[in-house]
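One chain, chain A, links the two complexes that follow: it is found with chain B in the first and with chain C in the second.
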Partner chain A sequence: MSYWTGIATQVGIYLIAVLGLSVLCGFTGMFSMGHAGFMAIGAYTSALLSIHLSMPIWVSVLCGTLLATLIGTLVSLPTLKLRDDYFLIVTLGVGEGIRLVIQNLADLTGGARGLTSIPGGVTIWGVLVIAVLAVVFIKLFLSTKFGRNCIAVREEELAAKSVGINIFRYKLLAMVISCALCGLAGGLLAHYLNYLTPTLFNMTKSEELIIPVILGGRGSLTGTIVAGLLLLPLPELLRFGSAQEWRMVIYGLLVVLVITFRPSGLMGNKELTLQNLKKFLAGFFLKNRGQAPDGKGDSV
Partner chain B sequence: MSGQQAYALEITDVCKNFSGIQASKDINIRVKEGEIYGIIGPNGAGKTTLFNLITGVYAPTSGSIRFLGTEIAGKPTHEISQMGIARTFQNIRLFGDLTVYQNVLTAYQHNLTYSFLDGILRTKKFRQQEKKAEEVCLDVLRRIGLYDLRDQHASKLPYGQQRRLEIVRAIVTGAKLLLLDEPAAGMNEEESLELSQIIKDIRKDYHVTIVIIDHHMDVIMDVCEQITVINFGEMLTTGTAEEIQSNQAVIDAYLGVNDDAED
Partner chain C sequence: MFLQQLINGISVGSVYALLAVGYALIYSLLNFTNFAHAITVTIAAFGCYWFQALITPNLPASLLAGILVAIVMGIFIELFAYRPLLVKKARRLYLMIVGLGVSILCENLMIIVFTGRVRVYPEGFPTDSINIFGASVGLIDLIILVVSVLALVCVELYIEKTRTGLAIRSSAFNLEATALMGVNTNRLILTVFIIAGLLAGIAGTLLGAKYTTYTSLGTYMTNKAFIAAVVGGLGSLPGAVLGALLLGITESFVSAYISTSFRDLFAYIILIVMLLIRPSGLMGKADGDKA
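Right after this comes the complex of A and B.
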């Protein structure tokens, strides 16, 4: 596999995890700093099942996905009724906790030295198909009452309750979907890389997964995807030497820029459609000729 | 007690204490089915608190709240909503980032019974229910005069229209009891006149019982069959518009305060 195909495959895998986070953070409004941990559960479960039980990888990936979902959901249960900032803190702790457990179960997981000789079989085409299916799934989900209710929870909790939405249930649903997609991505990663180390799933990774959601615009699926495609290759491209340290500086800078100039993210909650693109371009050119595109320009 | 079913809402000996403040004290209110009922009182009298008690935002310290004969005091807000009570908020709480139409469609959710899988697989059940939802939502928007604004961002609407959207959102839940918290706030005379008509139409078209809190006496006196006056958390009196207007205690406690406020 060539260098570029490799990068594309990894970007596709991480994008699947980012899509899961877009349901949780972008659409339901709950911020998590621990989802790399749920990816780790998917990855190690799938790797170990295929190594020790010689399961076909699609079965082991499925098992990893299920276990990541189960654990993610169970640990979040007690926090879903608390305020969102508690949820953030708990996910942070859980994510790091999972990594430490994996690191310390050295007999089983290879510990800090890593787990090697994981059966391969994940190809760029497989990843592409699954990523597209994930996008389609979320798109369909968002236009059902289940997706709309999640968005209502993000927008205004008391109003959501007052139209009969059980907040707890929809936060749980968002958690299930996000953990499942992260677990799935983890499993794919294991069988693509053929090795795993706990550092693949540290807190920095959790940040890398959530940044495209914030930068792309909360509540914009296309914005998240575009931001993901731009940002996810960075860890690989800037892999060597001091570039690694610069990466976090670049991320920080981007976040500051976006929050300063476009607090609602690149796309706000708009989707990238032909129609919106035309509107934007029309607005852009009109503005350059000194006219306000939407009548909201400076009034004298 | 006989004839329970004739009441949409029965509030009996309800008290609510917030650390130190007695926001509601021995409240007794009976709202008949199909009635439009007014609650008035000076600022801080405990009117909104009453709505919060009915909708489960707070549990009463003591007392009973019955909706169509069923005890609801202390139940969670979403369950009370599902039973058929909807409200609007004094300090507007729309789904601000969504369009007018999306706000309304979201609020219709309890009437959609399809499963998660139905939704993802776009089954016939899903398609039929979503089509019905669209029809109902657009129809209510049309009747309340927000149809032309349906694609606007809710947060960008003028104040008065936002209050109307809150009413539409409450209606489409399919509620049998609507609680409107200061629907005329910030409206001029003409707009509040229009609102009075809308409220009467809503009762007729949707066969609902309505409880209104407002400071606009013209609206309250025009639409309400019964009015309760609250002051410092306590009920001052209950009666028809004429009875309230001629009650000396009310004139002293409430209308006096109101006149001062308008200076």
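Right after this comes the complex of A and C.
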């Protein structure tokens, strides 16, 4: 596999995880700092099952996904009725806790030295198909009642509650979807890299997963995808020197600037569609001629 | 052994308490968690180290310098990161994201500037240990304990006895009503950040002396302190202290009698168990605003 295919595969895998977080953080408005931990569960479960029980990888990845979903759901249950701060710190705690458990179960997981000789078999095409399926799934999900209720929970919890939306249930649903996609991405990563170390799933990774969602637009699937495609290749491309740290510095700065000046993210709630693009361009050119596209533009 | 671990635990717990009170103070006023708290701790330790390395290896002066740096950092964060959002009355979530952004930004900047090396103060605390009822206790642990308790008592007195303290207490009750009574709440919020910075500075300089100084020192410690604040009840100052002592003592016993590698895991287990049985924490108000 060539260098570029390798990068594309990793970007695809991480994009699947980012899509999961987009449902949770972008559309339902709950911030998690520990989803790398759920990736770790998916990755290690799938790797261990395929090594020790020589399961075919698609079965082991499925098992990893299920376990990640199960654990994610169980630990988030007590916090879903609480304020976002609690959810954030519990996810952080769980994420770090999972990493610590993996590090300390050295007999099973290889500990800090890592787990090697994991059967491969994940190809760029497989990842691509799964990523596209994930996008389609989320797109469909958002257009159903369930997805719209999730957005209502993000926008105004109290109002959502008063029109009879069971907030707890939709937060749980978002958590289930995000954990499943992260577990899936973890499993794919294990069989693509053929080795795993606990540091692959540290807190910085959780931050990296959530930053495309914040920057791309917390209500925009296409915004998140575009931001993900731009940001996710960077860790591989900037492998030398202190470029990694500078990258995180710039991420931090971008987050502060975006939240201060455009809190809903670069794309806001808008989706990048051909129609919107046309409208935007039309508005842009017409405004330059001192004319508003729909007669309302000049008041803005 | 038992007594020794108990004193160690209380000593660690008192440092957690300094940080947890910082969280609780800001939370009680503004209802959000300051996720940028960690960097004030780290920067204090580095301030102390560089003061000794570059200017003069004088311990008390360097401690003061470190604390000063932390206070300046606290002011900086409030003015440049939170103030613009607070003025706009932004949602609490945005404040937390900005806090995370600031902490990612500063932590990595510190890794670049200070490199990942672990540093030891040129002039640290005495490393002797003394005997108390047969338990051998490190002098540094006792110093940390005494200094932390003094700092906490001072903050408590400040909040209970002064006019500003009264304003802080009333804003914890209702920030808007306090503003209507003619209190300059912007200045009050800044004051709270200064107090939190001061406490973080004390904690940071002491931690830098006890452990070494490294770039993730603050993150590691404030995560624990935040757990302590949640266990005690977010927004409650006595709760924060209680939670911190509880966590410190538990950690000390777990690492002594079970395993040091399970110490960190245990903190998170306590957190999750606490949220399961009593989400409002030991001394938190069980108000309906939790949803």
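The rule we apply is simple: the second predicted complex is superposed on the first by the 282 of 300 C-alpha atoms of A that agree within 3 Å, B and C clash if a C-alpha of one lies under 4 Å from a C-alpha of the other, contacts with A are read in each partner's own complex, and residues count from 1 in each chain.
One rule holds for everything that comes next: contacts are C-beta pairs under 8 Å (C-beta built on N, C-alpha and C of every residue); 3 or more make two chains touch, one makes a residue touch a chain.
It should be emphasised that the depicted structure is a prediction, and the values quoted were computed from it without experimental measurement.
*Asks:* Putting chain B and chain C onto chain A via the overlay, clash or fit?
*Replies:* fit
*Asks:* Tell me the contact category for A:Val59 with respect to chain B and chain C: first, second, both or neither.
*Replies:* Touch status of A:Val59: no partner.
*Asks:* Contact-wise, after the overlay, does A:Gly219 reach chain B, chain C, both or neither (first, second, both, neither)?
*Replies:* first
*Asks:* Return first, second, both or neither, reflecting whether A:Val132 touches chain B, chain C, both chains, or no partner chain.
*Replies:* A:Val132 contacts neither chain B nor chain C.
*Asks:* So after the superposition, what angle do chain B and chain C open up at chain A's Cα centre, nearest 10 degrees?
*Replies:* 80
*Asks:* Would you check which partner chain A:Val249 touches, where first means chain B only, second means chain C only, and both and neither mean what they say?
*Replies:* second
*Asks:* Taking the superposition as given, does A:Val90 touch the first partner, chain B, the second, chain C, both, or neither?
*Replies:* Touch partner of A:Val90: chain C, not chain B.
*Asks:* Is A:Leu82 contacted by the first partner chain B, the second partner chain C, both or neither?
*Replies:* Second partner only.
*Asks:* In the overlay, answer first, second, both or neither for which of chain B and chain C A:Ile167 touches.
*Replies:* both
*Asks:* Residues of chain A touched: more by chain B or chain C?
*Replies:* C
*Asks:* Give me, in Å and rounded to a whole number, the least C-alpha distance separating chain B from chain C in the superposition.
*Replies:* 9
*Asks:* Residue by residue on chain A, keep only those touching chain B in one complex and chain C in the other, then list them.
*Replies:* 161, 167
*Asks:* Residues of chain A touching chain C in their complex?
*Replies:* Spelled out, the residues of chain A in touch with chain C are 29, 31, 33, 75, 78-79, 81-86, 88-90, 92-94, 96-97, 100-101, 103-104, 157, 161, 167, 203, 207, 214, 242, 245-246, 248-249, 251-256, 259-260, 263.
*Asks:* State the interface residues of chain C toward chain A in the complex, per the touch definition above.
*Replies:* The contact residues of chain C facing chain A are 32-33, 81, 84-85, 90-94, 96-98, 100-109, 111-112, 219, 223, 226-227, 230, 234, 261-262, 264-265, 267-269, 271-272, 275-276, 279, 289-291.
*Asks:* For chain A, which residues are in contact with chain B within the complex?
*Replies:* Listed in rising order, the residues are 137, 140-141, 144-146, 148-149, 151-152, 155-156, 158-167, 219, 269.
*Asks:* Which stretch or stretches of chain B touch chain A in the complex?
*Replies:* Answer in residue numbers: 55, 57, 76-78, 81-82, 86-87, 89, 93-98, 102, 105-107, 109-110, 112, 114, 116, 119-120, 122, 126, 169-170, 173.
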